[in-house]
């Protein structure tokens, strides 16, 4: 068993463990922190896959952006130490069952499919490639999605502002 | 060395994470934690894309780019969702999803 | 003659009505419009005769066809044979009478006449259609105005009745739709499908398809014509409707179904018609007998006529189901006859109701003394209904019986005898109603102050009676008009047998 | 790539882009009277509609990210028209709204998202278009800022669509993993009936179904429709649904053609369930918007029947129906929005004896409802007829029969409204409303559309000639 | 052949009168309408008599046989290439005789009504209806086609309905009219089905062809009608019996006679016309018309015989107990028609054997005169007394001499006292019965005695018994127009017995030599005289013997008085069985089951709707769960289960 494999297992366990904690923790603030850890674990996984750029983006956007946003909103809406309302027992059991079944089913399908790498071409990710492709208009160029996403961000921003601006009138 | 870990193993992680997120989405009564579950779901998809791209289709960067766009959109979505949640909190004084069930039947 | 005029004219009339002001203008326009319709219908009859006289022997005359929806091979294809001409005449008669009896309609008169005329457009369109799509189109066009007419201007539990009627008729047309689509996809003309009645009739639809879709088409149309056990919209609908709407409903609308059963179900799917004939007979006989007995128990005049319509329309279905030429001719005659007769009956009931404000048999009495004209009309309608010679009902029923008897199978014979027996029951309930209502002592002293029919009511009644008597005294013209059409249908049916 | 191409092929998107920026500048500039502004914006939208019709062109740019042809242009035009009508109808509501310009910006950006989605030749673009058409919409669903229902609706919308897009993405990732491509054309070549791919397809189908409210992915619909401002509701129910339907048909007919057998059976099942559930819920609704929500679910069931036809007729019928549906549904929503904006009443029972006070509005509403119910001579009849015929072409008469019989139930609830309007008694009917010119015009357009589109066969034939077939 | 097409005028004049009076009479010439009706009818009557003269004496016979002439016939309704209803006119001895009887009696009634109905509010309507009835009856007898006959048959029914219900504000009149119509309609149902059967086998509706085909033992038609059978009875027998059922209904034969007594609610002249001379003999006419075919089928003819004989007896017994004078006359009519029927029944086709046929029609002929006279006389009495009951009468002979005399003549005629008309015809009937069926003969003989008894019971009760105590203003016998018909008919009743009917009307058209067999006549005449004497002793003066006798008969008298409870049986069948067991359940089923099913469907839909509403709980997480379940449901279904 190689070190890489062990590292993978550790990272995986970490991601899943913290993920589970993030969705089960009784205190909301803790849940947010567990989520943070889980996202960091995912970033670690990207590192492990030697995709440093993605890992960086993961950390910057998720850890630095979204989780912070979430934590802010938690502060806005309640006290950090509050116990959250317990999930309904019945639903919990049912969801557990459903999710477990669905997971088994999905993974069975994935496992049966096999996913064999037909083309063992080495994979390398150059940041310049990303930059070039992002602004390219030719095949495998992503300038249009880029523009669309920027539009989306603009719209989302305006939307957030309008909804949030209500505070003034109150 | 990386070949010791097969793609299916990574997919196990992502799939598991996906369903953990789904579970959270089903059971969490706090809106913000529901949002957090969504993030988990999206992250698992990201792992999928990245892994597929790296293991199976290394010629192009399609999966990578998809991941990047998903991350961006997740941010936008989270922002709008949080704005709405806050707005809802103002009127409901609660972010318990069970309380937001005025519209029904 | 350009048949599309039959659609265009009512349409224009309806539109003009929308731009009128006040009852006077509205009803004048409606009357002129319906009079023009009547003239057109009569001209159509004359021109049809001319056409035949000069030796035009094509199955349909005045045919006109243009592409409507090319991708589905849907054409606006119209044309008439004798059967359609008869139905068009019937429609024109009932429409003008309907307009006349609604002469003093007070509330929302513009809408009322608009819907009436609109409804007539649907009926004309239906009868001249030779394309199943247009046929279906007009069939449904005629449903909604009924809903509104009953619901807005009706009486009693009008909303319930209107809803029931609309839903059941829609159910009928839903079934018709399935039948039509089945027919369509089982046709093959150079690789495309067709809705064209004439084309479909020339090809042989596979037997399995016929057996599958005939029930849909037949029951679907059957609902319109009060096929047992889907007749329950009839009593409620008719009794809640305002007079003119009742007249339209029973006089025209129920005929759409009979015509459809004949032209679409039987004509286009002759094998299945043979196969299912016993079911049709069974249901028709039940409708006839059971309708008659149910009528006997009614106390409301409109219910009496409505249930009797169930019974009478049973004759139409019986005639179709017997599958002999005479019986089918009889069915068509019965449609025309019942249309006129029941319209007259409803008109009379409406006139009585508008004066006495009751339709309950036991509350009425001795009206012959105070409103002799209306009462006479009532009695005449009743006599026609019970099949008195000299009126159309006799001719039609006898033709049905005579044709039915040609079918020598024991079950068919039994059905015929039972159907014949219903004429006795008919006599019972008609006389009971007439005896109590117009005869006997006057039951309410208010009745002494009633006024007899106004000119418009008289005119309406006279128009309808003219039609009834014209058929009753001289049925040969109608018979000759209809027979070539039924011969075509018989040929189709005979081919079906010979192919077996 | 030639710049000319760029302007020609993307002219509809660019037009919207320009309008959005004009609006942004206006927002930044000084305050103007809301009414003038609204006239101005509607004029812009009118120009937008007109410009869509001129100089149709065909081609692909940005490799496979964006493709267009006459059919796609037509689809976009249809959506443009719908947006214009909605905008005109919302006049009364927007006139007093503080964030009118933002509303338009967000609305138009969602429209743009739909355009990209329709034009997408690529899953990524499709996904982005989908999100662009969803997220801002969630924001404007909350535009009745001080109404709790509005926030609740927005929350339900965003959280459900986030969940659905999570599942959709999972499906896309599996498709990517099994086919190795994000391009529709390449995906289509690699699709087999492998279980994993079927699963991925189901996830994708669920994503689509969520947007077009197919049972059991429809549950958000009614709540969001009820809570959101009427303008948003009508937008959701016609424009956003229509756009996804366009894509759905083309994706099913081209990309997933190899597994037609499977999706045919799925749609068969889903359409029956959808029609049934939509109908059963519509029967019991009191709130007009909620009622229209369920009725629109049932309508989608009928559309699915048409889609199962998998033929040129199928796709043509779906597009045709969406066009008709826009006019019919907007006719109904238009009246509801006018009444709601002027009186605040949204229940069906409020409409009792509506005809006595507002005959014109009543007629418009009635005609629209009849068209939704599929009664001739309104266009809805033709739309439904062709849909069902397209479905029947496959020879599955069970489906057709069930669908046809369900029309009776749908009839019932449409007629229930008509009954309330015309027949019921009411002591306090809605008073006589003074309808501003723009909504009036919008209703007129709707009525003309409802009456003419069906009878003039040219429309259907045109769409049919453009449809690519199967 | 001479041109007889003018005969069409005979029925057309009355129908024209009907239209004229019916549409405009009330408004424009109310008092004139009687004159108009009478004039138009007198033209008809004149034409009829002219026809009779022409036919019988000028050009009827060819080679000693009266030919059937069909001067007019056109197709009215073509059912199928072979079967059609033709409207036409048949001229043969039978129809010509009927023409004369109908127009003549009708004319008398018209004239009589001028006085009797004077001052009625609906005077014009009355004449219109009379004309309609006359038209229908004339059409009936002139029919060339069995369906044409059926049509006029129905018209006769309806005009009789209108006439009986003339006093429509009297509930009893309305009920009687309804009863008459419905009972005869029920009988017509048999007629109709009979026609259908005959038409199917004979492939024609035309009398001539039909008779030709069904009497030719070699024809394919007879073969099919004899071989096909139901319940062991051949189609021919079924057809003929059912056709007879129609005749029995109109002719008030047991058990379809119940309408006739009630029908006396109509104006009395109407009874004279309808219930004495015309409509009620339609059944006899029908059987006579189809007589060759009946002769071919013995079993059907036997039915005719026994029904006729039984009705004759039954009616006579009931007549003895009735107190309403018109009802007595009604039962007497029924009894006499029974005579005619069984007389037909015992007859055979052609020659001496065909005596019954001739006798029956002879009796029809004579009966028309004296029975209408009786009714008109009764009308005259009722006009005076304003009552139908015997107890209100008595001693009227001085007050109304003409009525008295003519009534007496009629009574003698019906009792069969020579030389009055009834004697001759009854004689022939008894003779015919004697020769072929002894049972029937004895019944007839007994009935004839009874007839004499009850007629004189009637006579004495009206004109003798006690002193007249009239109250009311007018005490005269009625107008001139009322007396004239009485006198004319009285003369007829006296004389028509001498008309040599046997020369003209026979089953095969060849004249028959008849002679009065004095020896044979003694018995019936003696019996009649005995009956008269008995009546004289009981009823000439007021005494208590009748009551004693009636008590002696006990239950039997009671039963006869109550018409043997036949009405009650019918009532039971109609009320309890048809209404309660068929009608009410049908209405109930319709309301609750058939309609209920439709409502149930709606209810179920609503219930489902309620049941499913939990789906839409408002909780976004459960929405997501459904969403999730939907996906995996679909996936599992289509990956593992389908295919």
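We call the chains A, B, C, D and E, going by the order they appear; numbering starts again at 1 in every chain.
Assume a contact is a pair of C-beta atoms (placed from the backbone, for glycine too) under 8 Å apart; a residue touches a chain by one contact, two chains touch by 3 or more.
Remember, predicted model here, so these are calculated numbers, not experimental data.
Colleague: By that same contact rule, can you tell me which chains touch subunit A and subunit E alike?
Modeller: Output, common partners of subunit A and subunit E: B, D.
Colleague: Just by CA atoms, which chain is the most central one?
Modeller: Checking distances from each chain centre to the full centroid gives C.
Colleague: If you average the CA coordinates per chain, which chain's centre is most distant from that of subunit A?
Modeller: The chain lying farthest from subunit A is E.
Colleague: Quick check for the class: compute each chain's Cα centroid; which one is farthest from the centroid of subunit D?
Modeller: E
Colleague: Let me have the rounded angstrom distance from the C-alpha centre of subunit B over to the C-alpha centre of subunit E, please.
Modeller: 96
Colleague: How big is the gap, in whole Å, between where the Cα atoms of subunit C centre and where those of subunit E centre?
Modeller: 36
Colleague: Calculate how many whole Å lie between the centre of subunit B and the centre of subunit D, each centre taken as the average of the chain's C-alpha atoms.
Modeller: About 27 Å separates the centre of subunit B from that of subunit D.
Colleague: Could you give the separation in Å between the centres of subunit A and subunit C, each centre being the mean of its C-alpha atoms?
Modeller: 70
Colleague: Mind pulling the subunit B residues that touch 2 or more other chains?
Modeller: 18, 21-22, 25-27, 29, 34-35, 56-57, 62, 65, 69, 73, 76-77, 80, 83-85, 87, 98, 100-105, in rising order.
Colleague: Mind pulling the residue numbers of subunit E that touch at least two other chains?
Modeller: Residues 613, 616, 618, 620-622, 624-625, 628-629, 635, 639 of subunit E touch two or more partner chains.
Colleague: Enumerate the residues of subunit A that touch no fewer than two other chains.
Modeller: Each of 91, 95, 98, 102, 106, 109-110, 115, 140, 142, 145, 149, 152, 156, 159-160, 163, 166 in subunit A touches at least two other chains.
Colleague: Among the chains present, which pairs are found to touch?
Modeller: Touching chain pairs, listed by label, come out as A-B, A-D, A-E, B-D, B-E, C-D, C-E, D-E.
Colleague: Along subunit C, where are the residues that touch subunit E in the complex?
Modeller: Interface residues on subunit C, with respect to subunit E: 164, 168, 228-229, 231-232, 235, 290, 293-294, 296-298, 307, 325-326, 329, 366, 368-369, 372, 383, 386-390, 394-395, 398-399, 401-403, 405-406, 408, 416-417, 420-421, 423-424, 427-428, 431-432, 435, 438-442, 474-476, 479-480, 483.
Colleague: Which subunit A residues qualify as touching subunit E in the complex?
Modeller: 91, 94-95, 98, 101-102, 105, 109
Colleague: Over in the complex, which subunit C residues touch subunit D? Could you list them?
Modeller: 67-72, 74, 133, 136-138, 140-141, 143-144, 147-148, 151-152, 158-159, 162-163, 166-167, 170-171, 174-175, 177-178, 181-182, 184-185, 212, 216
Colleague: What does subunit A use to touch subunit D in their complex?
Modeller: Per the stated touch rule, the residues are 106, 109-110, 112-113, 115, 137-145, 148-149, 151-152, 154-156, 158-163, 165-166.
Colleague: Per the contact definition, I'd like the list of subunit B residues that touch subunit A in the complex.
Modeller: Contact set of subunit B toward subunit A: 1-2, 4-13, 15-24, 26-30, 32-33, 35-37, 39-40, 43, 46-47, 50-51, 53-62, 64-65, 67-69, 71-80, 82-87, 89-90, 95-96, 98.
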